[in-house]
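Quick one: the structure is below, questions incoming.
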Amino acid sequence: MIVDVQGRADTRRIPINRVGIKDLAYPVRVKNGAGEIQSTVATLNMYVNLPESFKGTHMSRFLEILHATSELSLASLPVLLETVTRRLESNDAYIEATFPYFVAKAAPVTGVRSMMDYRVTIVGKRSGDDTELTVRVVVPVTSLCPSSKDISQYGAHNQRSHVTITARIAGEIGIDDIIRIAEVEGSAEVFGILKRADEKYVTEHAYDHPKFVEDLVRDVAIRLNGEPRISGYVVEAENFESIHNHSAYALIEKPVP
Amino acid sequence: MIVDVQGRADTRRIPINRVGIKDLAYPVRVKNGAGEIQSTVATLNMYVNLPESFKGTHMSRFLEILHATSELSLASLPVLLETVTRRLESNDAYIEATFPYFVAKAAPVTGVRSMMDYRVTIVGKRSGDDTELTVRVVVPVTSLCPSSKDISQYGAHNQRSHVTITARIAGEIGIDDIIRIAEVEGSAEVFGILKRADEKYVTEHAYDHPKFVEDLVRDVAIRLNGEPRISGYVVEAENFESIHNHSAYALIEKPVP
Amino acid sequence: MIVDVQGRADTRRIPINRVGIKDLAYPVRVKNGAGEIQSTVATLNMYVNLPESFKGTHMSRFLEILHATSELSLASLPVLLETVTRRLESNDAYIEATFPYFVAKAAPVTGVRSMMDYRVTIVGKRSGDDTELTVRVVVPVTSLCPSSKDISQYGAHNQRSHVTITARIAGEIGIDDIIRIAEVEGSAEVFGILKRADEKYVTEHAYDHPKFVEDLVRDVAIRLNGEPRISGYVVEAENFESIHNHSAYALIEKPVP
Amino acid sequence: MIVDVQGRADTRRIPINRVGIKDLAYPVRVKNGAGEIQSTVATLNMYVNLPESFKGTHMSRFLEILHATSELSLASLPVLLETVTRRLESNDAYIEATFPYFVAKAAPVTGVRSMMDYRVTIVGKRSGDDTELTVRVVVPVTSLCPSSKDISQYGAHNQRSHVTITARIAGEIGIDDIIRIAEVEGSAEVFGILKRADEKYVTEHAYDHPKFVEDLVRDVAIRLNGEPRISGYVVEAENFESIHNHSAYALIEKPVP
């Protein structure tokens, strides 16, 4: 018989907040708010707490649980967290999955369809009988500088920006809905394919809607404040400045009540 | 005269928690606990808060302040934070600098000296008249699996691990001191140059000191608990497992009282 | 009518070797050598040459072609390259797709099945009527240091290593076959799930098969030299040394005749 | 006495093209063309060839050589390469150092000075008695889309771009000179600090100098063709498109005669 070193007693009297596996690449099927399934590849972190009396956790069980999981979504996370606490004999569980998420978008004038990718993270935390769900979406938009527009006779510097929403979920809401909250507040949206008529449209739209990084986070915050399915959030905007080699950045936090 | 768009009034009534510059690469001179100066290159984030009544902050002032700064250290951060709040007319300020930090180490048997690099982050937060200082060090060590050693007739899998300490500073302490707290608790230390006698030493030392990722964080936590100059911390360990393509991970947090 | 700026004449008389789109994230279905389909997410680069007489290429056509592509494989690349040259009216075409690729592996003793991920790149180059196909696989293995084993009374440092094969394809060969050429030459293979009996096996197997980074590339090169479906290659090994904070590295190149 | 496993004979009859250390972080002093010294941090790769008759190389010698090196530059690389071949008893040597490199630039109108960072790589290859030196610089610039400007009633999308020059050195030339070749050919240059008058200038300058990714590489190629101290080159441009979530890319290669 092979000994179980992890199961031995520990005498240091120090409980561990989180222990488990990190940076596991895994093929996943993700369900969106509309119930549609998308195949993608996630990077997963899965942790439990460890009481002071145990020397180690049983790492391979995380992978066995994952192997038996058919799909990942905000709706399925609570069950997965419950399975983890039961199989790992823990009180707390934490699951975090980050994956590229694709949405087919229509170009604004020609309607030509193409894929846009967003980096999405879903996080589930279970502590005792409480479960918290959080979604993070990183949404690329165009931002156009109001100051540059105002002070210049023509033109205005603009750039790709990332608007990141990290939202505590308080009701049934789809990933796509959260992405849209950020996307519509850029100076212009970003697309895969733009034909010439579309490129003219987004260029002029950005020029007509200049926004500082401060405007991006404020305008997204206003929308988030009106969304009852989100109880707290952090919204960040990062402009990869076209005139500098560093970013402009802003953040607004609304704590969960 | 060129208009000051950032200085205009804003009517959305949404204050911004943090706004400023992100991911700025900058050559810095860093002072360690012993007062010695080291030239390195930092990635800097510098933020202030923005009251609801202002449309934007003045980004270029962050760089002007940095341009006039001769060196960066835990000791100099409070002054820099005070300068930022005064020049940006803000209540809060946040400065974060991440840089490679080098320590000349002697090999354990031959004493041959070589450089070891650590990723260090120093963070200063000022809110009103309160200033908090935090240091994060990422310390590479060797970890050797106790289970693998116990169940195998010979050998034991081992790997490079990162022990990360994020410490709230409550007294005068050097970066080197915090690094040592993590470094001495690996199964073995990591070095730049090891001659054959040294390699024999660290190989046998690791085999004599097997540690799970759980052991790493507990043993470092015990040391941190005994350090009065650190009032709260997070300690993490990540093993880049040699037998898997994912990491094992553990975390212990002691909140600041 | 909207003008076609890209289609205008250029007078600088400088042809462009490659022009197109880079770092496009895209969901793809990949076919392996056994004809099975796998859903994954690729990062794509697609280029053509541009004669000196044209000002610009038509970037959106690359995405239109991709949008109409149902699956990606070594077998389908030649057709895709031909489509690109025709639609972009070019002489040359270059397509590069990098994606995580998963293989279900059985643990060595218990036979427990789990997923292993490999980073795979397939490259197709078309120039006139010639088409070249190249595959790159990055294969994680365990390496155990022969010197450390020999000089130590017990134990031996080991670590995760990456063996990378970049192979010019000269016959019908599957991605899995190329992965196996690298994988079997580690000191031990790497797995997703290892039960205790498996962990004992891989630990002892690595100790019984110590290999320097030099041994890894030589032993893989010998196998590649005996593979008629590969006409030329570069094999690299990188050991993420457990006793250092840098890598050991070796490379052997056999040019295509 | 401790055995020298690396020095043993090898019977596989397979020579190794490159073997050594990779991804070593090291503080370096870099000399520019004007003879000025700059402290920075490099990531280093150092390799030699290994004849078929030897089992392994002596990795620690690379670090010992580096430890004794006071500064790194195109001028000092040949001596360093010669030292490596002598100490490692090899025929070939390869040294590659990548580091952030800083230049103090004056803003275009106000003349305010600030630091710009560039990623620079210097590569030295020695084979027998021949030594080749190569420099790569990654230069951030602004690019403004000619098509977007032409088809839109106002505005034009623009973005940060990277122009990368990889140049074989044929005469005494400074890193700064190669950076300038790329920098002046953007739609506008990129700066650390821009006051309002400067921001107006670069915005209008970019609008007055629209360039496709194809224009960037052609215009830089024309300058490189006229530079006798560079005997061959690859010039690349990558636009981090503000209207897409992927890059536009172009490359021109002039082989060394």
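For reference, chains read A, B, C and D in written order, and residue numbers begin at 1 within each chain.
In this text, a residue touches a chain if its C-beta (ideal position, glycine included) is under 8 Å from a C-beta of that chain, and two chains touch if they have at least 3 such contacts.
The structure presented is a predicted model; accordingly, all values stated were derived computationally and were not measured.
Participant: What chains touch subunit A and also subunit C?
Facilitator: B, D
Participant: Specify the chain most distant from subunit B by Cα centroid.
Facilitator: It is C.
Participant: Please compute the C-alpha centroid of subunit B, do the same for subunit C, then give the distance between them in whole Å.
Facilitator: Their C-alpha centroids are separated by 34 Å.
Participant: Centroid of subunit B to centroid of subunit D, CA atoms only: how many Å?
Facilitator: Spacing between the chain centres: roughly 29 Å.
Participant: Could you put a whole-Å number on the gap between the CA centroids of subunit A and subunit B?
Facilitator: 25
Participant: Do you know which subunit C residues sit against two or more other chains?
Facilitator: Expected reply: 2, 24-25, 117, 147, 151, 192, 194, 196, 200, 245-246.
Participant: Which residues, counting only subunit B, touch subunit D once they are in their complex?
Facilitator: Residues 2, 4, 24-27, 38-41, 60, 63-64, 67, 100, 102, 113-115, 117, 192-197, 200.
Participant: Under the stated contact criterion, what part of subunit C meets subunit D in this complex?
Facilitator: Against subunit D, the touching part of subunit C is residues 2-3, 5-6, 10, 12, 14-25, 45, 47, 50, 55-57, 59, 146-147, 150-151, 212-215, 217-219, 221-222, 238, 245-253.
Participant: Which residues of subunit D touch subunit A once you look at their complex with the stated criterion?
Facilitator: Touching subunit A from subunit D are residues 116-117, 140, 142, 144-145, 147-148, 151-160, 188, 190-192, 194, 196, 199-200, 202-204, 206-207, 240-246.
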